[in-house]
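So that you can tell them apart, the chains are marked A, B, C and D in the order they are listed, and the count of residues begins at 1 in each.
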Amino acid sequence: MIAFEQVAYSYGGTATLSDVTVQIASGSFHFLTGPSGSGKSTFLKLCYADLVPSLGRVSVFDQDTHALIRDDLPQMRRRIGVVHQECQFIEHLSVIDNVILPLTVAGRAALPKDVTDLLNWVGLSSVVGMTPAALSGGERQRVALARAVITSPEIILADEPTGNVDWEMSLRLLTLLVELNKMGKTIVVATHDLNLIRTVKAQVAARVLRIKDGRVLLAGADL
Amino acid sequence: MIAFEQVAYSYGGTATLSDVTVQIASGSFHFLTGPSGSGKSTFLKLCYADLVPSLGRVSVFDQDTHALIRDDLPQMRRRIGVVHQECQFIEHLSVIDNVILPLTVAGRAALPKDVTDLLNWVGLSSVVGMTPAALSGGERQRVALARAVITSPEIILADEPTGNVDWEMSLRLLTLLVELNKMGKTIVVATHDLNLIRTVKAQVAARVLRIKDGRVLLAGADL
Amino acid sequence: MKQRSTLPPTEELKTKSLRIVPPSGLGVWLTGLTAAAMSFLAVFAMALALTAGLVAQNWSSELQGRATIRILPSNENSAQQLDMLLQILAQTPGILKAQPLDSATQTALLAPWLGDDIPFDALPLPQLLDVTYAGERYDFEGLRLRLAAELPDAIIDDHMQFRGPILAAAQQLRWLGYGALGLILSVTAMMVVLAANAALAANGTVIKVLQLVGATDRYIVRAFVRRFALRAFLGACFGCLCAVLALHYMPKVAENSAFLRAFGFVQGQWIWPVALPFFVAGIAYIATRWAGYRKLKELI
Amino acid sequence: MKQRSTLPPTEELKTKSLRIVPPSGLGVWLTGLTAAAMSFLAVFAMALALTAGLVAQNWSSELQGRATIRILPSNENSAQQLDMLLQILAQTPGILKAQPLDSATQTALLAPWLGDDIPFDALPLPQLLDVTYAGERYDFEGLRLRLAAELPDAIIDDHMQFRGPILAAAQQLRWLGYGALGLILSVTAMMVVLAANAALAANGTVIKVLQLVGATDRYIVRAFVRRFALRAFLGACFGCLCAVLALHYMPKVAENSAFLRAFGFVQGQWIWPVALPFFVAGIAYIATRWAGYRKLKELI
């Protein structure tokens, strides 16, 4: 589903990622870990074609992101749900409107029941009418996750989705992702929380990618 | 140093905090924990007079924050270092200029060596010339922490300073705060990471405040 | 989490696409403001140009189509000469009317110079004839030559040396008004373009978020274009309205002045201040569309 | 981590306080733009007002200070009457010169009406006298009354009925120019105020960050005020320069027109387009200061 072939990426100076060759199969569950500043967010941005590799090629849905023309991008993005690390919203729209935004731009209607269920699960039912500015740090992250999964996309990329939430809520959010994975979605979660990875690995056959010195390695059972 | 007396705070609807009476003594080390959306950030904002209580009184440096007149605020703020949860910077200034901003506005000069030491400790030496927009999530948090401690203020309030950094870096940052505490600074750290609290409690006599249902309680040894 | 594919009614979609641009954002607001301020000025420039045109027309129509013929006092029979002249004029195409001036009129003409108590009857003054002609069909030069040949004592004069400078002055005023109008409309267009550009830059986050949730360029640009064109239109309407009210309640600095009293619009001219908002909205539409696509290309 | 208290040299501090406002932020940029566009228009309005004033002055000075006295042909000895008149005029304060018109001049005056081949000597026409007087010291009404009493055949006329409308027209043009100028300057002031306000709103994060690190209101406002006043000044300078160049290279639409050829500034008048940028910067200074303190109060 996502394939990196000898990918290198540099923001200008030294390469942030180099010689990365990774296959992310359809329906798989991957964790992405590594120290702060190692390139986790960069890796995910390459996956959803926000960045294109400096060297090598990244293909998503069997399409080379280099070769994607402008008009193909929106179509591709609608098949991928992304939780960004710096959760950006349209600040003048309410939480609920932000959550259903991917549906709105695709010209699709939201089924009220599905939306309510989802918001209940991530514990946001009480804040749906607020604007994003009034949310607490953890609430923002949960809104971002809800927005990423509302369209039930084929691939879900989550960048530190639990950085600001407590342990119980982290597990709840990961359970949601595990359930989606069981429905056949491909999931990649970047996180620095090894405890979380250990706990989830008990529930699902997740693989752990570790970024170190610009290389992406598959971590063994020892983590 | 900071005293809450029967404080209640509400953003409009139901009270986020109610009947909070807490003393934070000079030179103490407090952790603040609680589920996402429980009011940790709200509590810290009351401490640095970004919010004033709806009921009761908060005094900082023996001054009632209600009674503070406009011109006293900057003077008070210079004695408090704050790490905000949503790390806001002046985006067109370089990282180094953002870090020394509290000194600049106070009309004080930075000693180059101290600044270099600090940036080395939080692992930012390689990014000082960048603008904040180019930083990774964890790097932003570390810049915010560096900015909060650069003036060596009497009180340091940190709101989830380790939400986006890995475990080793978290310990490094907490060690910095512990060292400052040993020099007599008063420290309050809001975090949802209980492992971190447990680890740091081994090094310093920290007390843990837990927010639950709008009340602030002192957690026992069991955490 | 099952796939949803029911399409909402079109109206609901439209509303959403409008609300995606901050309704009171800095840029939107400034676009409206610019449109209002510049429309306000433009209406005044229009009034200046149109009024100057009107005044020029009045001034010239007072003299337009009229000439004077004088028959010099000579030895010949003046009554006979007058008859001959009238005959010639009757044969000239384009002449509508030719009327000998009576002494009262002649007195009025000369009074400023000689006073009004001159015994005109006793003076061997020339006989004056007031000729009215219809603009196009009348050949001044032909008539002049014929008179010179057949009736050398009759001299025709179409007052060009008086009419010329007055007409020129009014024309200049009109040019000036149109110049100011052109200037103001160009500045308006420029400022709307720049405000729209700036506003798109200020809404970078909105655009980024929309792109990342899979909005097409068309969708994003349409939302912005609508909002901006609408704001520019409303702003321009407001500006025009203020200007028209200001024109109406303007203190008449010189009550005795025909020019200032005429300052404003008459009947058909009202089309201009009414059309202005549409013009400004059109500019805003084109400007935003162009700036929008350019900005999107820039963001990848 | 020890306490630092060395003060840096003042210059270093100043630089920092300037750089705190984004140098190319939306608001700063729009302020400059507004200042430029409005200055451009203002210079044109100035040119209109000043040129109209100049033209009005020219028109009126041609007639200013001159009157005509005519002695009606009567039974009395006209040469004696003329002597008497000259005597009276010699006694009147403010009269500079009084000269009887010779027949050539009189012929020229009447020619438009009667043709230039009239035997004036044969006609009992009034004797005309051209009088030059010095503005202030001359009492027209007094002289008129004296003449009426002592020399009833002499009638004085200061051409007011001719001069009046011409002067009024020029004055109206001048008023119109000043009106446009006032309008444009008000709109400029308003737009600079609003742009500064909007820009402060857009820089909410910068202000918030500064407040939280302990910057005083004065520090924050000063940084903004400087940046904005400077931008407005530079923008206005640019606008004025463009306008002056445009005026200089303007196509002379009507080469034969004194008005359009005079359109522009002469000598001392250059002070106005030069002063304009300072005026605009002053407005920006006051507007930003006021908006800044208000905005800060709002943010607590």
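Keep this in mind: contacts are C-beta pairs under 8 Å (C-beta built on N, C-alpha and C of every residue); 3 or more make two chains touch, one makes a residue touch a chain.
Predicted model only: the values in this text are computed from it and were never measured.
Asker: Could you tell me the least number of steps, going only between chains that touch, from chain B to chain C?
Answerer: 2
Asker: In this assembly, which chains make contact with chain B and also with chain D?
Answerer: Touching chain B and chain D alike: no chains returned.
Asker: In terms of CA centroid distance, which chain is the most far removed from chain A?
Answerer: Of all chains, D has its centre farthest from that of chain A.
Asker: In whole angstrom, what separates the CA-based centres of chain A and chain B?
Answerer: Using C-alpha averages as centres, the distance is 29 Å.
Asker: What's the distance between the Cα centroids of chain A and chain D, rounded to whole Å?
Answerer: 66
Asker: Centroid from C-alpha atoms only, then distance chain A to chain C, rounded to Å. What do you get?
Answerer: Taking the mean C-alpha position of each chain, the two centres sit 62 Å apart.
Asker: How big is the gap, in whole Å, between where the Cα atoms of chain C centre and where those of chain D centre?
Answerer: Measuring from centre to centre gives 24 Å for this pair.
Asker: Which parts of chain B, given as residue numbers and ranges, touch two or more other chains?
Answerer: Chain B, residues with two or more chain partners: not present.
Asker: By the touch rule stated above, which residues of chain D touch at least two different other chains?
Answerer: none
Asker: Based on which chains are in contact, what kind of graph results: line, ring, star, complete or other?
Answerer: Topology of touching chains reads as a ring, each chain with two neighbours.
Asker: Go through the chains and record each pair that touches.
Answerer: Pairs satisfying the touch definition: A-B, A-C, B-D, C-D.
Asker: What residues of chain D sit close enough to touch chain B in their complex?
Answerer: 1-8, 12-13, 16-17, 19-20, 22-23, 25, 205-206, 208-217, 219, 297, 300
Asker: Name, in rising order, each residue of chain A that touches chain B in their complex.
Answerer: 11, 33-37, 40-41, 85-86, 123, 127, 134, 136-139, 142, 159-160, 163-169, 192, 194-195
Asker: Where on chain A is chain C touching in the complex?
Answerer: Result: residues 48, 50, 70-71, 73-78, 82, 84, 88-93, 97, 101-111, 114, 118, 147, 149, 151-152, 180, 183 of chain A touch chain C.
Asker: Taking the complex as given, what residues does chain D use to touch chain C?
Answerer: Against chain C, chain D makes touches at 26-27, 29-30, 33-34, 37, 40-41, 44, 48, 70, 72, 109-110, 112-115, 117-119, 122-126, 128, 155, 157, 161-162, 168-169, 171-173, 175-176, 180, 183-184, 187, 190-191, 194-195, 198, 201-202, 253-254, 256-257, 259-260, 263.
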